[in-house]
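There are structures below to look over.
In the two complexes that follow, chain A is the common piece, with chain B as its partner first and chain C second.
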Partner chain A sequence: MHEDRRDKNLRRRLTSWVDGEREPKDQTLFVMEQRPPRRARQTEEEFERKDRDRLQKFFNWYPAAAAVICLVMVAVLLIAVMNMPGFGQADNPINNEVSDRYLKHGREETGSENAVTAMIVGYRGFDTFGESCVMFLAVAAVMILLAREEHRPADADTEEPEEERADLILEQAARPLIPFMLLIAAYMLLHSETTPGGGFSGGTLLGAGLILTSAAFGAESAQRLLSRRQYSAVRTFGLLAYGLLYGAYIFIGANGLQNHLTRLFLLLDLAVGLVVACTIYGFYALFSRGRI
Partner chain B sequence: MLEDILQNRYAVTAVILFGVGFANLMLQQNLLRKVLGFNIMDAAIFLLLASLGYIDGGVAPIVGDRGFDPLYINPIPSGLALTGIVVSVAITAFALALIQRIYRRYGTIELRELLELAKKEDD
Partner chain C sequence: MRPFVENLPFLSIFLALLAGIVTAAVRSGRTAYWITTGVCAAAAAMHLWVLEYTYLEGLRFTYTMGRFLAPYGNALQCGPLQALLASAFSLVMATCLAGGRRELFQELKPGKQRLYFTMVNMLEASLLALTYTNDVFTGYVFIEISTIAACSLVMAKDSGPNLVAAIRYLFMSLMGSGMFLIGLTMLNSVTGHLLMPALAEAVAELRLSGDYRIPLTVAVGLMVAGLGVKSAMFPFHLWLPDAHGGAATASSAILSGLVLKGYIVLLLVLILRVFSVELLAELGAANVILAFGLLGMLAGSVFAIRENHIKRMLAYSTVAQVGYIFMGIGLGTTEGLIASCFHVLVHACCKPLLFLCAGRLSAVSGHHKSLRNLRGSAYRDVGAGLGFTVGALSMIGIPLFGGFVSKFYFANAALPTGMTALTLLAIALSTVLNALYYVPALLAIWVRPPAEDELAILGDTHAEDLAPDRFFAAASLLLILAVFILGIFYHPITDVLEAGVRLI
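Now for the complex of A and B:
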């Protein structure tokens, strides 16, 4: 009986509200009243103690939680791996029509016998452009973080380490090694179309040759070989050349003229190689002596 | 079970390596070791990619006039691994540079000491 009346009452109110006969009750005041009274402000010590407690609690449960997360992730991945198709079978889903096309038509479409090079520089060259940009930016970031100011050498912890004479064994071993390294690097850079290798591995080897020069004969001789200004110029030139050449390659190649451009691969690879070599050498120089 | 593991031995190894690297990343307090853990994870992923592209008895995908009698391995994962290596190198160098700056400023690379020092500096 009582329920019924309240129900009816509610319905009446709802219909009258829908008909626009009355405004809904303003509830702001009600909410304000319900809010619990504001507590007094915590003192500094109390706040600090609470903060430390929270940090302590966090450090207490962190290792256990991290271990559990690791184990769960490994378990999930293992289950996923168990259901993967077998290793090394030719009919695995990964060997689909894309790789088939790269292998079958890569040679005529890009002029490169090496399908990996054809893919990296030809079909997916913008990916490689992105990689070059990543490396360029990485060197720039490391330079920002580590390069020491040249006009302020008086600071105690930015003091230049004394130019010590390099190790005799290293020097004697490096002397015959460096020409061969540069030779293999050049070979890799120039022959990426027909042999394994290419811009990345050749560039890394080139950079390794520079690093060995710098380690064995001191920073001075490496700087004579590649001064700071030259370094920046080569790095930027490599990236720009790659961007422009690949842009040209894509736009001209899209019109069916690609056969004239097969030799462009060489230049593209050289550009990538320059960027990579500068990156590797730049990391070494910046980490070891704080300047190029 | 064992059959499955043997069948996918490279992938299983990669998962275990990934777990080791991830545990290092999460549990070590030393920032340098965290970066090492990150690199182990990278290595696991490269192993997985390289094993995915392999075909039994396949040869390197250098298409001469040889034809397709011995199958070529899949060239795509090789290229993807290259991308991964580049990103890994860049990230590692950046992280190490940051760590060096942190060490120069605070004199330590232990995470907890760093947190305390940073908190003290905040006040």
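Now for the complex of A and C:
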């Protein structure tokens, strides 16, 4: 009885909708609840409440599910690793003509003394340029996340007193250390052609020197060494120079033109060094004080 | 000396990367915007030229990055398929930026605008590189770039929900990258190669000899699953609705229409060029992909039916559409892969159109997003209403619209396989489910609400939002045309795709 009536009702409603006698909104918009327009304030609260509920539900099953998934992954990966070629054996598939060529002809083909540098800057240089872009992007992403608006005195006020406090031991230790760090960084960068991954390690040391300056003598003196504008200029210039030089190198190589770019790898490594130094110093500055 | 046109893929990637670096340093967001749009449009033109060159000559070429030949140094590989996809992606990228322009400048803080465009440029570069790369590790590097840039697009709009969504997106996405990287190192240690042609030879040898079977299986599984997580394959889609539904309009359009496609194209190329369709079927991976694809097609639509937030509804619809693409891959035939490629194109035009129109419709309704509050909004901006209608009809699969052709090709591809009944049933069911949420949405925007409701909505709306938006109109017109071209003059395009798959 009841079913029948509902069925008839549905059919009547459907026919009247097809005939256009009826506003379709109540039937056809069945996916929508009838709700008052949202106010900005309500959404915020509503979102928080919903999110808490969701988190609660999530934590009910999360530990068990995570444990199961992790154990399965561990088992699969262990089985795979046990069946892989043993480490360091001469007849492994990776000891093929590719690594042979890198070791035997790396020097004459790329002009680099070091096989690792020959590979990362020469043979697979496009990947290395990509990785440098990753670092650049990472700092840009942190800037989007943390960078404060430039003209907001309220933030500056709360920040200042904390930064004035200097640590005597740190300061005294940093004073003799920093010049040597910068010196060794410069040495590593200038010899990056002949050391494995020289640009990266030299750049890291350079960045560490800046971080130590900033930590020991406060943001002021680090900014005197490398102001915000200078930082941005160095960062952009480093990667841009790298991109342009390396682009020219690829263009010449791919088109079989005469290569007039001698000592190119030194320049590339210097550029990498600048990018790396700016990246790690940028992370430190942004996470510790929210601005460069 | 090679013909100049062969330099264009490399030049366009470098142009986008350099534009990304430069836009981080320019002062005003407007300059950054024009640089970015210009670079995308220029890249589209360049790839059209490459397409003409490769398709008419019927050739593909390898571009060595530097002077080192194939198995030793990085390389790009370019054929008609890559050129077509790259030009479509670049064009849609420029269109998304134009269509979401007004909202971008309203919602982003002035200090962040230039960085936003840095991210867009880097995304463009990574899309192109993922399409063209002939080196698996280059693929990984650009996956990283794409991950960071995509997460930044989500968090560029400062709000609590967006940050939460960005964190989820970041975690899931990094897990995908990690799985891809582990799979890649395993593959490298059993084959000794990273460049695709050499890798393909080594994999074929391993397949015949049966050595290192388990590591090979795990490596293939991890790489497919890693790319699957990043492109929202069904059981790994949970990050998508928050991330795509909450971001600014242009970001949603780019993320949904293009970023997912970069990973999918890399997967397609890996399957066609390295693993081979036969190996995938032998390892059982094809059936898993097919199952996930079919489930995704249905589940995505079911979730979308339950949504009343228009952008989240579109985001869930993306899950369903990605399911179609994975279904094509999982069929394990070349026809299936061609159908998937076609659907990549259709979805890359359709979804940005829907997101842009939804953004515009919500702008003329006081930035409300629930379907209820969008009632009658199509009359306030008829262009956006028409665009949304075209996109929705294409998604449902009405003839003359692009979506119909891809469903037709999927159905065709399913016929000679052993999964015909299951696949056809899933396509039919998914079409009905698509209609179940797109038709109410269409009725919602085209049926006028009672006068007092409309007045209340209009009270929330700013006058500047009601003013016609020329950039949006141009963008939506372009995408509508693209949907119709894909739906009516699809033969030339499928010819190019077939030639491209043959020459991959």
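As a convention for this text, the second predicted complex is superposed on the first by the 211 of 292 C-alpha atoms of A that agree within 3 Å, B and C clash if a C-alpha of one lies under 4 Å from a C-alpha of the other, contacts with A are read in each partner's own complex, and residues count from 1 in each chain.
Here, a residue touches a chain if its C-beta (ideal position, glycine included) is under 8 Å from a C-beta of that chain, and two chains touch if they have at least 3 such contacts.
Bear in mind the structure is a predicted one, so any value in this text is a computation, not a measurement.
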Touching partner for A:L170 - first (chain B), second (chain C), both, neither: neither
Which of chain B and chain C A:T236 touches, first, second, both or neither: second
Of chain C and chain B, partner touching more chain A residues: C
Touched partner set for A:A140, first chain B, second chain C, both or neither: second
First, second, both or neither for A:A115, with chain B first and chain C second: first
Which superposed partner A:G247 touches (first chain B, second chain C, both, neither): second
Touching partner for A:L267 - first (chain B), second (chain C), both, neither: neither
First (chain B), second (chain C), both or neither touched by A:I178: neither
Partner chain in contact with A:V98 - chain B first, chain C second, else both or neither: both
First, second, both or neither for A:F126, with chain B first and chain C second: second
Doubly contacted chain A residues - partners chain C and chain B: 77, 81, 84, 92, 94-95, 98-99, 102, 124, 127, 131, 134, 137-138, 141, 145
Interface residues, chain A side, partner chain B - complex: 55, 59, 63, 66-67, 69-71, 73-74, 77-78, 81-82, 84, 86-90, 92, 94-95, 98-99, 102-103, 106-107, 113-116, 118-120, 124, 127, 131, 134-135, 137-139, 141-142, 145-146, 157, 194-196, 200, 279, 283, 286-287
Chain A-touching residues of chain B, taken from the complex the two chains share: 4-5, 7-12, 14-16, 18-19, 22-23, 26-27, 51-56, 58, 60-64, 68, 71-72, 74-79, 82-83, 85-87, 89-91, 93-94, 96-98, 100-101, 104, 112, 115
Residue ranges of chain A in contact with chain C within the complex: 23-25, 28-35, 37-38, 44, 47-48, 51, 76-77, 79-81, 83-85, 92-99, 101-102, 109, 122-127, 129-131, 133-134, 136-138, 140-141, 143-145, 147, 149-150, 232-233, 235-236, 239-240, 243-244, 247, 249-257, 259
Chain C residues touching chain A - in the complex, by the definition given at the top: 1-2, 7, 10, 14, 17-18, 20-22, 24-25, 63-68, 71-74, 109, 111-112, 115-116, 118-119, 122, 125, 129, 135, 137-138, 141-142, 144-145, 148-149, 151-152, 155-156, 160-161, 164, 182, 186, 188-193, 198, 202, 212-215, 217-219, 305-308, 366, 368, 370-373, 375, 437, 439-440, 443-444, 447, 449, 456-457, 460
